[in-house]
Amino acid sequence: MFGFLSLDLLLIAAVAWLVIGVAGLLAPGNTRFIAQLLFPVGAAIGIGVGLIGIAALGAPAETAVLAIGLPDLPFHLRLDNLSAVFALLLGFASAGISVYSAGYFREGKGTAPGLLCVEYHLFLASMLMVLLADDAYAFMVAWECMALSSFFLVTTDHRHDEIRRAGFLYLLIAHIGAIGILLCFGVMTGGAGDYRFAAMRAMELTPAWSSAAFLLALAGFGAKAGLVPLHVWLPEAHPAAPSPVSALMSGVMLKTAIYGLLRVSFDLVHTTIWWWGVVALAVGLATALFGVLYSTVQSDMKRLLAYSSIENIGLIAVGIGLTLVFHAYRMEALAALALTAVLYHCLAHAGFKSLLFLCTGSVLHATKERSLGKLGGLIHRMPWVAWLALAGIIAGAGLPPLSGFVSEWLLLQGFLFSPSLPHPWLNMIVPVAAALVVLVAALAGFAMVKFYGIIFLGQMREPALKDAHDAGPWEKAGLVWLTLVTVLLGVLPSPVILRLDAATRQLLGAGLADTLREQGWWMLAPISAERASYEPLLVLATIAVVLMVTRWLVRALYHGRVRRGSPWDCGYHFEGPRAQDTAEGFSQPIRRIFEPMFRMERHFPAARDKQPYYSVKVEDHFWHWCYLPIARLANSISAMIVALQGGRIAVYLMYSFITLLLLLLVARP
Amino acid sequence: MISVSGLIGQVFAIALALLLAPLLAGWVGQCRAWLQSRSAPPLLLPYYMLHKLFNKDVVLAHGASSLFRAAPFIIFGCMVLACAIVPTLSTDLPFAPAADALALVGVFGLARIFIALAGMDVGTSFGTLGGRREMLVGFLAEPALLMVFFTLAMIAQSTSLPTIVETLAHRELVIYPSLAFAGVAFTFVSLAENARVPVDNPATHLELTMIHEAMILEYSGRHLALIEWAASLKLYAYSCLGLALFFPWGIAPGDDFLALVAAIPLLVLKLAIGGFLLAGIETVNAKMRIFRAPEFLGTAFMLAVLGLLVRLLLEARV
Amino acid sequence: MSSIPFSAQLINLFAAAILLLGFAMLAQRRNLALVNLFAFQGLCLCLATLTTAISTGQTHLFYSAGLTLALKVVALPWILYRLVRQLNVGGEAEALINIPTTMLVGIVLVMIAFNVALPISELSQTITRGTLGIALAVVMLAFLMMITRQKAISQVVGFLSMENGLFLAATSATYGMPMVVELGIALDVLVGMIILGVFFFQIRDQFDSLDIRHMEKLKDN
Amino acid sequence: MDFFVLMLAIPLVSGALLTVVGERDWAPNINVLASLGTFLAAAGLTVEIVANGPRFAFGEQFFIDSLNVFFVTLTAFVGLTTSIFSGPYMRNERDHGRLSKPRLRLYKSMYQLFMFTMLAALTTNNLGILWVAMEAATLTTVLLVSLYRTPASLEAAWKYFILCGVGIAQALFGTVLLYFAAERVLGATGNALLWTHLVGVKAQLEPAIMALAFIFLLVGYGTKVGLAPLHNWLPDAHAEGPTPVSAVLSGLLLNVALYAILRCKVLADGALPEGYAGNLMIGFGLFTLLVAAFFLSRQKDVKRMFAYSSIEHMGLITFAFGMGGPIANFAGLLHMTMHSLTKSAIFFAVGHASQKTGTQLIENISGLIRINPLIGWGLMLGTLAILGMPPFGVFASEFMILTHAMRHYPWAIPILLLALGVAFASIFGKVQPMVFGQTTARRLPHAPAITPVFLHLGIVLMLGLWIPPYLTRWFHEAARMLG
């Protein structure tokens, strides 16, 4: 394109984002200028990034070296197929979110719009740089800039204690994860001090060191992605952040962690050992199951979605685990199938989760309410948001014909081939894991129905909801864009996968393109049509045609008369909106069936209570099993250590004296 | 690629499904009445019902949204699609590549979500109750169903339903113990999915126990007709699926027109027997509490997994 | 002992006296007497340096001896004396640990110091190699004294006594450091003492006492 | 005139001058001008050294090579910015009635003398003079710490004096031992304490003596560096002295003490078996890091907290130098630079913040960003920088230290991870509510000097992304010299 390499163009895009951000500081208080000029321009750049990502898929890798960086280690950049996949994800998802933000950010809330603009675009630019980095230092710098800018975005409304706490927790875990990643790079340099990825690729590590690198990467990137047990920041940070930021974090930022994990496990480290896959599989399953169960019992709509993100990341990790297992046994075609599922799910999740988070943003704007228990019936007031959110929840529940199903289908196909593994234990365990994946998907349906049904359907639970308004034009544009992404990814998987093929081929040397090209563009049959096939377009078309024909026939043969009346409800129609299920009520079966999984504090009304009330609070076991004990331990250690500073000078002198004596007596050369 | 006979067979299968489905529902009702020593309703009662409902005005609750009105059509569409995919008469189905066994589960799931959402739409206590219970049954049944399909898919090395059926129908007579487990599990799941006793009772509006009926309480007129029709289609699809998977004999292998014709009476016969057995099951069992349902479906899941393991352990080299 | 020249015997004698005075300071309860002991220690140091200077003929050791005399025998004790009088803290200097225990610990320290210094002393070519162990022991005894005393004055005396030990090491074990260094050290010690003198008044103004137990407010637990 | 002589003369002369005129209204300008002059002279000296290589001054008593010229520049620079910062800061203190005019005079003259002692300590070739200068630096800073003459500041100064005095006495013993060892090789000339001579014969120095000497030197100067468990004076002195003094203590004095250890380590490495000195430093470094991290979580006073953070970073740097080798030494030097700049910037911001809120207690400071966004952001960014968040330069050095440790000292990794994690949680958890949230701050009579804060942070940011080539060369050379 115009003599520029794609990499240059992406670099220009990153710089342009930075410039837009800084431009926001020119008039930090001017919301119109920032929201309606800068953000749309940022969105246009996002589309550009997405297009370049598409163009770069299949093209040979491009590298560049910048003038900045450490001495002897200037920033190395590289655009290969794997980065291109995630760049296109970043570009297209952020485009929708930026357009939406143009209508979302308003005056007078916490951080000034100009600052918000800086943080937002810095966030985008650093995510892009994470994808392009080709040495450990550049990667870490971009990675932490990403964490930092998103932290400031999360704490936009920093006047509230709980938002600050959420931001703190987020940054803390991000930082610890980052140290893990850094150590992983430390392992991979092999002590040679060459931090370029190219050098790491060339490095031959012993299996022990390779395993250390993989585990560190899993922990480090897992902390960012939200793998159990490092997920605790996620359900705190997402509700605290403004909705576009939640969308960006959930939709895009979590994927950069996946990108990093893929980069390390398939590109930088050569050897793959089968148990890595099992570890990833187990962690992924635990994460997915945990995420979805907690997502079903939430009462805050953004927390619900945050837990759902944990679930989806878990599924992606399951896919990575499967890929690793196949890859370890050199079954590259199958590994490519699983990896395609992973990449596709990244794309799909970026679309639908961003969409859903943005919908909650509109709801939040219209109602000032995040608690599910105070919403309801918004489909009447916000039809645009409601219908677009419907696409989001169908994809989120992993149902045909939308995007979420494609990746789940591919993943399950991958599982079906696991009996061909030359390892009896894996043969047995892996199919059962598939059943758990299905359980997770089905529970996700439960969560999504709860989310949608309680927010948009039913009667309005609070009278104030009558004043709710639909999303504005900018917001609608963003939502429509993401809906389009979700639908297109859902109905046209084959062309997309043909593109993704370049990435799997780069990492594994195999891909699905050959088999896919044999069939039509509308058909998805990764191995062969006899083996398994899925034609979402046909599914959609059939349902649509039957719908139309039935409707026409019914009207033609009978009539289309409609009357309005009170609901029947077995004669209880006089019940008000409070008779509907609350958020807690809806998830009661889950709490009951999976009781040991939750930590609950419940209050039941007594028989003669004047004002009976029922309440339930569900808490994360990991807090009580993992984090609080650690915090307590740290606290008691520090209590002990603090005693060192007791204020008495004689004691201080004694420390010095004893140190000296010890050294004199013990430390002989 | 798509043969004309295949297309004819496909259209014929769909038409047959639309026609036979209410009949099957009627037949099961009749059998139930016989078994319970009641006087039986007419066999064609479901057709009268549908006709009557289509004729009636729709009474929409005040709070009903457009989603409420669209849902019956979507659900009906899903069920028609499901019936088109399941090999009933022949395995030469042009629609079959659209969705394999996994996607079929997805299509059922889609219908479930819409009916649950529709149940919640008016905002009544029973509607939301039904919606939540329906989703409960759904997430319990789906993994079990998938495990059944997994077992079969491993036997046939395919998830495509026609391929599975063809493989099973034309194999040598080998006893697959795994199939027995899978068959029982499938029966359990079918009962739950189709709102039959012991999980649900289609014939009652007893408020504390109903699931399916609770969701559709607010429907009337043509909407209710479509939902009832869709429900019978679902029963039909499940029955045919069960028959095709576990008793696949007689399903026409391809463009054999004679075999296709011959398959029809065989199918009707099998459905009649199946319907009778279903009625039998419903008669000897009592409706269980809603929180026994997880145990019931958990058993189904265990059986399916056992089937899978048996398949891996005993039959891997068969 | 006969193989050691007389001057070396003399130096060892003075060194032993310094060590003895160190013990005496450790045992001494009264501040005023402490200052006196410190002056005596300085005198012994001065004499030891002088003996070394005479026996080796190193001229700069004469300056060093003079400096010690001026600073450690005259100037510092005088300043301390004035302070003790003005601040009226001549009396009991309460120790944190009782004296016999302190003495026992002191003997252990001397043993440690000798043992640590032993391998080094054997390497030394100077006639006064044995004094290194004594110097180290004096440093450690002074350290112990600083730890066990509760009055600011006695802590400072301990500090200065430590400096004596260091000087002993410098002059007797190595025939003295370069002159410029010794001058610098002396200047530092003097200035430090003056600053401390100012400090004592400020501390007494603020705390009404020179008891360092009042200065335990800054702490973390 | 010789840059070197100028560099030493300016602070000495202006210190003397300020003793006389320090209470005048224009005295702060003299202070700044003198610091500027020192800085310019240091810069000139740097250019000279970079161009012509190492040189001597005053016979062989002073020696400037690429290692110490880098510390000299840094010291002069931070000295300059601190003097700029202290202008309005001290005026505010005076107007709040916390300091009288004679005290201001004392402050300024002692400040200049302190700069002199540090520059002398850095540039001297004579390990004895190094000791003398270090002791003099202690004396000047004792007066600075006790400037407020409150009970707390007197207590802090007293502890500072006694502990560092005792510590540095041990360093003197070490120096004597070193001389003792050197004398056997070099003869009892004045050259036996000259580092340039010592380094030539370091392999011949007697190991038994050198081991003992290094232990004494490490414990002695280590007290001044703030290595645990010898650190106890440090938080008190930082918290109770005036903020500019905290800034130079943390930013400069600790560096100078560490520099002294490094010089000695080079000698010890030559004489002793491989890794002996290094292992001692690794042990001290890790212990310090860990202890300081756990101290951090219990702090209530913001300056005290950042003092512990300095201890923590000194531990990390000691650990890095203990590992040795070109990468770790480079990282250590870089980290010293970054820590100086960042920590002094933080103290500047903290100083203004506590002036605005009238307290140093963390719980009473909040919402800085609302009353004065620049101070708020300065504190926030400074904190993030010191916690090792990129793109700030502290991260660059931590990056190298950690990756290096991962391969060569993997057993140290859990300790590093634990310490860094605890430190992050403690510091950030306390600073966040100070910067964000509702506010209690008031307006100040004199506008705060924000420039130094952002100047420092700007440099730290730049060095995180781009280190100028000549700086790199210089660092490399210094790192190579450390072995």
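For reference, chains read A, B, C and D in written order, and residue numbers begin at 1 within each chain.
Rule of thumb we're sticking to: a contact is a pair of C-beta atoms (placed from the backbone, for glycine too) under 8 Å apart; a residue touches a chain by one contact, two chains touch by 3 or more.
Here the structure is a predicted model, which means the values were calculated and not measured.
Asker: If we look at chain A and chain D, which chains touch each of them?
Answerer: Chains that touch both chain A and chain D, as defined above, are C.
Asker: Chains in contact with chain C and with chain D: which ones?
Answerer: Of all the chains present, those in contact with both chain C and chain D are A.
Asker: When the contacting C-beta pairs are counted for A-B and for A-C, which pair yields the higher total?
Answerer: Higher contact count goes to A-B.
Asker: Roughly how far is chain A from chain B, centre to centre by C-alpha average, rounded to an integer in Å?
Answerer: Inter-chain centre distance comes to 35 Å.
Asker: From the C-alpha centre of chain A to that of chain C, how far is it in Å?
Answerer: Centre-to-centre distance between chain A and chain C: 69 Å.
Asker: Chain B to chain D: how many Å between their CA centres?
Answerer: From the centre of chain B to the centre of chain D is 77 Å.
Asker: How many angstrom lie between the CA centroids of chain B and chain C, rounded to a whole number?
Answerer: Centre separation, chain B to chain C: 100 Å.
Asker: Where does chain A touch two or more other chains at once, residue-wise?
Answerer: In chain A, residues 639, 642, 645, 649, 653, 664 touch at least two other chains, as defined above.
Asker: Two or more other chains in contact with one residue: find those residues in chain B.
Answerer: Not one residue of chain B touches more than one other chain, so the list is empty.
Asker: Give the residues of chain D that touch two or more other chains, as numbers and ranges in rising order.
Answerer: Expected reply: 158-159, 162, 166, 170, 208, 212, 235, 295, 298.
Asker: What chain pairs are in touch here?
Answerer: After working through each pair, the chains in contact turn out to be A-B, A-C, A-D, C-D.
Asker: Please give the residue numbers of chain D that touch chain C in the complex, ascending.
Answerer: Those residues of chain D that touch chain C are 61, 126, 128-129, 131-132, 135-136, 139, 142-143, 146, 149-152, 154-159, 161-162, 165-166, 169-170, 172-173, 175-177, 179-180, 183-184, 188, 190, 192-193, 206, 208-209, 212, 235-236, 239-240, 295, 298-299, 304.
Asker: Along chain D, where are the residues that touch chain A in the complex?
Answerer: 158-159, 162-163, 166-167, 170, 207-208, 211-212, 215-216, 218-219, 223, 228-230, 232-233, 235, 272-273, 276, 280, 291, 294-295, 297-298, 327, 369, 384, 387-391, 395-396, 399-400, 402-408, 413, 417, 420-422, 424-425, 428-429, 432-433, 436-438, 464-467, 469, 472, 475-476
Asker: Okay, in this complex, where on chain A does chain D touch?
Answerer: Interface residues on chain A, with respect to chain D: 67-72, 136-137, 140-141, 143-145, 147-148, 155, 158-159, 161, 164, 167-168, 171-172, 175-176, 179, 182-183, 185-187, 189-191, 193, 195, 634-635, 637-639, 641-642, 644-645, 649, 652-653, 655-656, 659-660, 663-664, 667-669.
Asker: For a test of understanding, state which residues of chain C touch chain A in their complex under the given definition.
Answerer: Residues 96, 112, 116, 140, 143-144, 146-150, 155, 212, 215-221 of chain C touch chain A in their complex.
Asker: Per the contact definition, I'd like the list of chain A residues that touch chain B in the complex.
Answerer: Against chain B, chain A makes touches at 376-377, 379-380, 383, 386, 390, 393-394, 397-400, 405, 409, 412-413, 415-416, 419, 427-428, 431-432, 434-436, 438-439, 441-443, 445-446, 448-450, 452-454, 457-459, 523, 525, 529-535, 538-539, 542-547, 550-551, 554, 557-559, 561-570, 572-573, 575, 577, 579-581, 585-590, 592-593.
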